[in-house]
Amino acid sequence: MALTDETDLVRTEEMLLNVGPQHPSTHGVFRMVVKISGETIIEAEPVIGYLHRGTEKLAENLQYSQCIPYTDRLDYVSAMLNNYSLVHAVEEAMGLEIPDRAEYIRVITMEMNRLASHLIFFGTYLLDLGAMTPFLYAFEEREKIIDMFNELCGARITYNYMRVGGVKFDTTPGWLEQVDAFVKRMKGEMVKYRQLVTGNEIFLARVHGVGAYTTEQALGHGMSGINLRCTGYNWDLRKKKPYSIYDRFDWDVPLGSAGDCWDRYILHMEEMEQSLRIVEQALQQIQPGPVMAKVPKLIRVPAGEYYSGIEGTRGELGFYIVSDGKDKPYRLKIRRPSFENLQILPIILKGVPVADMVAILGSIDPVMGEVDA
Amino acid sequence: MNFVWNGPMIAFYVLALSVLGAGILMLSVRKVVYMALSIGGVFIGAAGIYILLGAEFVAVAQILIYVGAITILMMFAIMLTNHKAEEEPFRWTVRNATAAVGSVLLALVLLAVIRSTTWPVQSANLNLNGGNSNPVAIGLVMFKQYAFPFELVSLVLIVGLVGAVILAQERKEEE
Amino acid sequence: MWTWNNLWHWAGHPLSWPGFVGMLVGAVVILLLALLVVMYSIYWQRKFIGWMQWRIGPNRVGPWGLFQTVADVLKLLVKEDVIPANVDRTLFLLAPIFAFVPAFLVLSIIPFSAHHVFTANIGIGALFYVAISAITIHGVMLGGWSSNNKWALIGGMRSAAQMLSYEVPLGMSIVGVVLMAGTLNLNGIIAAQMHTVWYVIPQILGFIVFVIAGTAEMNRTPFDLPDAESELVGGYHVEYSGFRFAFFMLTEYVYLLAMGGLMATLFFGGWAGPFLPGWLWFAIKIFIFFTFQFWLQATLPRIRQDQMMSFSWKLLLPLALANLVITAVVKVLV
Amino acid sequence: MFGFLKGLGVTISQLPKKKVTVMYPEEKPDYPERYRGVHRFIPELCTVCNQCARICPTSCISLSGSRDENRKLRIETYDINFDICILCSQCTEVCPTEAIVMSDTFELASYTRDDFYLDMHWLHNNELEYERRHPDRAIPETDVQKKAGN
Amino acid sequence: MFQYWNDYFFVVLFLLLGIFLPVAAIWVLGPLLRPKHPTVAKNTPYESGVEPVGDAHVRYNARYYLFALMFVVFDVETLFLYPWAASFHQLGLFALTEMLMFILMLVIGLAYAWRKKVLEWS
Amino acid sequence: MTGLGGPLFPIPTGSLLALGALLFCIGLFGALTRKNLIIVLVSIELMLNAANINLVTFSRLGVNPSLSGQVFSLFTITVAAAEIAVGLALLLAIFRLRRSSEVQDLNVHKW
Amino acid sequence: MVEYAWLAPVLPLVGYVFLLALGRRAAEGLVAGVSVILTFLSFLVSLAVFTALGAHPDVTGTYTMRWLTLGAHSIDVGFQVTHLNALMLVVVSAVSTLVFLFSKGYMHKDERFPVFYQYLNLFVFSMMALVVSPNLLQLYIFWEMVGLCSYLLIGFWYFKPEAALAAKKSFIVTRLGDVGLFIGIILLFLSSGSFDYSTVFQAATTGHLGLSWITPADLTTLTGILVFVGAAGKSAQFPLHVWLPDAMEGPTPVSALIHAATMVAAGVYLVARMYPLFVASGTALTVVAWVGGITALLGALIALTQRDIKRVIAYSTISQLGYMMMGLGVGAYAYGMFHLFTHAFFKALLFLAAGSVIHAVDTQDLFEMGGLGKKMRITQWTFLFGALSLSGVFPWAGFWSKDSIINATLQSGHMTLFWIAEIAAFCTAFYIFRVYFLTFHGKPRDESKMAHAHEGSWVMTVPLIILAVMAFIAGLFNTGLNNFGLQRYLMADSPTGLIGKVYPDNVPLMIISVTVALVGIGLAALMYWKPVISAEKLARNLSGLYRLSFNKFYLDEIYYGVVVWTGKLIAGIVDFFDRYILDLIVRMLGRLGYMGGVGLKYTQTGQVQTYSVIAFFGIMILLAIAMFHVGGVF
């Protein structure tokens, strides 16, 4: 071999690695092009768009009620919240008064859905880290929630349950009791998860101090939800800008401090307990009554621009409606929290080992349906 | 020398042929990785010879150190340097020719010497290990007779370790 | 001088034809036994882990899914053997064999029963295991390297580094037992334990090191980083398919058997035990080891590469050394 | 220090728990009445009002009808393209006669896309199947007559 | 000596059988049973569903070399521990001090490597 | 035959030594002619192995059979391990400096 | 146990290697902890050896292995354990352990803390190896190594010019002595054919120590004196003592360990080790006695007027070493070693206490201190113990040992030396209590420095206390209490009386000695504690003597005049010869070589393989020649 090739150093050569779109840990069809030197990531570039369906554009040709099934498919693990976010925006724009029972059912379903989504986070995150049993336990509980939703609105994932002015169905007989029983059971399960995972040294070593960022960075990237609260910044729209009937319940906003994977993990777990608290209180307070307000058959939003954001599972989920007074939005812009949260990846992935990549990506917890919309 | 065909003898010839074959294979393949692999054959074959000679501990040491450790180290070294390196085809330069002639000559001389010497014969039932198993006997010899060299071994190892670490570590200023 | 009969004359001491046939049968029996054990350990793994996860595990092929693994093996056998473009063909083809042969070879010294009927009784058994099992590293590393696949490369390198890092504490933890027994012969070690107590009690520290290092050596949870599915999508054998892949799998499970046998021999008195025949005791001990491994697999997340390496060098190795020194000092004092 | 031992305890204690596996093809999941599976269609009730086709967000329904001797609109073709149907149930919501309703059939896998164009007969058969499976949920014949009659 | 050879002959039988099994299964039995229809796409290395970029044969992490180095040194140490352990009860205190010195030297080596960050990852 | 107590050791000493000698020459030839530094090192290992074969042979079949030969060969193996570790580390260092693992490029001492 | 004596030196060596591996940024606690533990283990080993020898006096032994064979002669390496060696091992390891502990506090936060401990460990190893050396060559090697360590440690704060100078000075001055020692050793080897002590002694005592140009008796005397020159260099005997006071520039623990307790005692040890040689030549022994006596007196006189606390103690060391030499010189082998033993403890104590003081007040000038007693109670009391012991007050250790020596001078008939010893003893008591009163009593003279003075941490006080206890009881090892155990122990090395005599106690002399000491103390008290007598006035009245003492008898200046000037003259001549005569020849040779080189460089391809092929081919040719010439193969 001659002395020609200047780049031929004995140092580890850099290698371009495609993680995804067909990769078990990218939570869907997400792709990261990472440049690695040995096991260390030098540069990471997220590539998105594999699941793009043009929801926003489609919505311009759809009536508001027709938009609702499309929102199911944004963050497909917490469709209730997506439904609600849209109908809430429309209701606010129209200034509708929603019946109490409808609001209670909405809160119960939303928080249950949040729970289901966090259960998925819990299961898949541990699967990313190599433990498979928590995944099955978590999915079993999620299955119970989904079965209840199935009974309530006829679908397991894509609920299409909320309507402008209320909800599609009233609860089936005995459904609320089922929820109550589930809440009680779930509290025991939380203890089990804590024993199985939260105390495990290997798990702790994997997540402590990994993928940390500061509040400034998080705010600078427009992050929200748990990904923002893990840095210690108290920002929960349910408290800060109360919508629906969240001000009627007594619950706390769990906060992190270090902004690392551990904080994000534990916030998910604590938020599940808070959701259980809310559901419990809602079950006590709910009264019989109508579930739909009086709304015109053809919904028309007055001309103007409206924005309403709610605390989605992954952060601030907002619908921005530009209306020219017709029954279809002139423009519908969706603020998708997963998309915003993902933006920090290239920064926090720099310099971490490959093994931490999945730990970090998993803790950010993006849902590709939402990112790509 | 009268040849008696028997099991150990056959085993010896099979092993010897494989040792030499692996050695020659090493010199004849061109890819460095293959060379490093074929020398593994030499090491294992030599271990077989040791076993035939009753030196089972040395044989296992040979496998443990040579095949298990040194060859892997070489693999790593190959993969860290020019792992696609291939030898050029052999050319009859003056130097190579001299080396070849010299090696053959040396082999002939050595064989002649071996052939012309009368070697002692030993019983097959010779109890070399003094009633102990081979590793125990080796331990006794090593720690009684060769205690000082044994301590030096640790010195050699630590010097090797330190030297190699200093040499092999990537230095920051190069980055 | 040449006769056929001479072939088996070990310089005048005949290895009789029946003796040879006995050996051959023994080896073949062990081979078949190993394959059977591998199949049913996989089955038991799936069942056991399934039960712990509220599932029922394999249940379709045969009664209680008993022939599931058989079906899997058949499937692998008739599966197309894809050799990707640009691989280093020789190494790619040889790697599974490099991995498998040592795995099977170490079985030759495990004393499955009180009399070495099926396996060899050599004087250096314990070290033989350590030495031979190191060869597998080649297979794994070369398999990963030759695949021309980045995941395989990372996985192969990781695997090699992991196996050689844990080989050292593994070897040292065995030294503790050798120190107690005063012999390297595995049957001798069992015999020594019959006089005293199972070595798991005096050598508890060494035993812990042994189990951890052994688990890592076999690339099992929580040390399954080389083929970490959620990161490396299979690691070194990502490009292997069909029976070549099967041999990597087979290697893993044969090692599980061998390691279980070694553990039973070194720390749990091997085939020794009351009432039951020796081979059954041995089987019971190995079964418990298997179950323990699967239990771990069902519970623990995966450790990270850098943590795993430091764990071996910074904790296990000093622990093993400490165990050794303590054992030696105690032995001198007592 | 030994938190993982607790985890081991958790997993082993799950061994005797009741298994949740559903032996799927033999044992079908029991889906509630509101379940939104593949549509079923009752041609007698359809008034060919086209509301379902209009409300469909994915425009997967196409239908045509003709007037019969009573000048009443009779459905002639009713096709749903399940390639794009998202089973949102909007069509059933707007149907004034509940001629189109959802069933609990969910097995739609097929080797060819052509199989996803389900016509009226398939949908009607689905209705019959459904009623056979769930006699309790069947629409009483009288209702059908009554609704079809007016 | 003969029993000894016989035992190793047994080991050799295992070796041969161990080679025989994969060879028979992969090269003899396999080709009879399995199909072979290679296509370009099938033979592309897996890279998460996209076309592979660059060469996978890169010079990989120099860290690994250092671990291999440590392994060689400590493997040799382990090797010397075995005869010591086996013959320990016949040797007594002197062997203990000898081995302690030996281990001490290697512990110093380990400490050196530790300090030089050889045992760290990045 | 029986004067030594039992049958003779079946393998002739000369054959074993011849094997050692041939292996040594192969290693020597490799060390002198190969271009790649790793292979040169490997060839040197081959020579050490040849020496080891002789050591073990004499330990069993020498005039005074004793275990010293085996112990020596253990030491040789150790030295070989240290040698290869340092040698390969040197190789890495050289490669870093000169981007080559070939012997003929290591001619700093050329005039 | 005796065969494990090698562990005693090796343990500090292990410590040294370990610290070397840890490097320069290791944690202080770890460094000091490892060192102290290893040294303490070493101490335990030494103690075990010591007691084992005490229990079985006949188990002394030499353990060697062949190192080199030079023709008929051979050189061995190994170790030797005798009673003398065992005693030295105990002293060295005990003092080292305590000093190591003390240094943890004293050197706290020093930038090169680990380096300091590396040097110390190396020193302790070398010193112990010196002690157990079985022959002169090995002794010489370690002799130079302790010199090297001393040099390194004196110059530890090399950024202080005085320290660097002092290090250089000590190195050069002791080198003068070492040259003598080396010549002596070579002469002994030439004449006796061996470096082994036993062989040499055998030859010396039987008069077989012969060379062609000198008679055996003269050679014995000559080599004895040469060896003593080496001993004088290391033990700072007149006139080679000048380096020791300057060596006080090093850190105080170093002064305590090396320049008080151990290394400087190596000279004494050497004389004791070579005692049969000295006995064989009476003249050499007399020289030893007189040089020792002069040194004792000179050191004491100079110490009277010094202002630097460490220098006073340094001169005191010189003086006490003189005592030991004198003791050996008058034939009291055991007493000299006994004094070495006690002196090691109380002098180390004094140095460490002084170090504690310096650490607290950050000055070494006696006239800036004062009144420290209230702030540093432990230091004060321990210093007082050391001072009493040094002064020879009953029943402190110094009393027993010093009195034995004085007794021996008297009883062996050296009357002049006896008076010298008594005068020196008086001076000793005076100057050390001068230091004591100036430091710990009276009013603080420099308030600012005294204000923040305080006791050091336990690592500093514990060694002080232990040493104080030892300074008190060490003397009892050789009293009627245990039937003069130490001297019996030491004499066991040679029951034939080859190594001197012992003398019975002399109670009147004891009383005289104690009185002399007490008078000295009283005078010091009158001048510096309750100033009845003015020190200044006395100095003015005796200004000539005072100046002589204060300027150390102008010895440094004399040295400068004589040694340096002569050296420069010789250097000039050599320089001329070198530059104009040798260079001419060398350049011509060089030119020749260059021409050859230019011609030959074309054979240098720089490729190892080419070289090896050539070498290999050469070997093959040699082989061919051997075969055809010697034949026999075919």
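The letters A, B, C, D, E, F and G name the chains in turn, as written, and every chain counts its residues from 1.
Assume a residue touches a chain if its C-beta (ideal position, glycine included) is under 8 Å from a C-beta of that chain, and two chains touch if they have at least 3 such contacts.
What you see is a predicted model, and the numbers here were worked out from it, not measured in a lab.
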Interface with more contacting C-beta pairs, comparing A-E to E-F: A-E
Reference subunit C; chain at largest CA-centroid distance: G
Chain whose mean Cα position lies farthest from subunit D: G
Central subunit by CA centre of mass proxy: E
Cα-centroid distance, subunit B relative to subunit G, in whole angstrom: 53
Inter-centroid spacing, subunit F versus subunit C (mean Cα positions, whole Å): 32
Cα-centroid distance, subunit E relative to subunit G, in whole angstrom: 55
Separation of mean Cα positions, subunit E and subunit B [Å, integer]: 18
Residues of subunit A touching at least two other chains: 1, 8, 10-11, 15, 17, 23, 39, 133, 137, 140, 196-197, 200, 202, 353
Residue list for subunit G, restricted to those that touch at least two other chains: 21, 609, 613, 616
Set of subunit B residues in contact with two or more other chains: 4, 6-8, 52, 54, 56-57, 61, 64-65, 68-70, 72-73, 76-77, 79-82, 85, 95, 99, 102, 106, 124-126, 133, 135-138, 142, 153, 157, 160-162, 164-165, 168, 170, 174
Subunit E to subunit G touching residues, read off their complex: 97, 101, 104, 108-109, 111-112, 115
In the complex with subunit C, residue positions of subunit D that touch it: 4, 7-8, 10-12, 14-15, 17-21, 23
Footprint of subunit D on subunit A - complex, ascending: 62-63, 65-70, 72-73, 133, 137, 140, 143, 150-155, 158, 160, 168-169, 172, 192, 195-197, 199-202, 204
Interfacial residue positions of subunit G with respect to subunit F in the complex: 601-602, 604-609, 612-613, 616
Interface residues, subunit F side, partner subunit B - complex: 4-19, 21-30, 32-36, 38-39, 41-43, 45-46, 49, 52-53, 56-57, 59-63, 65-68, 70-71, 73-75, 77-86, 88-93, 95-96, 100-102
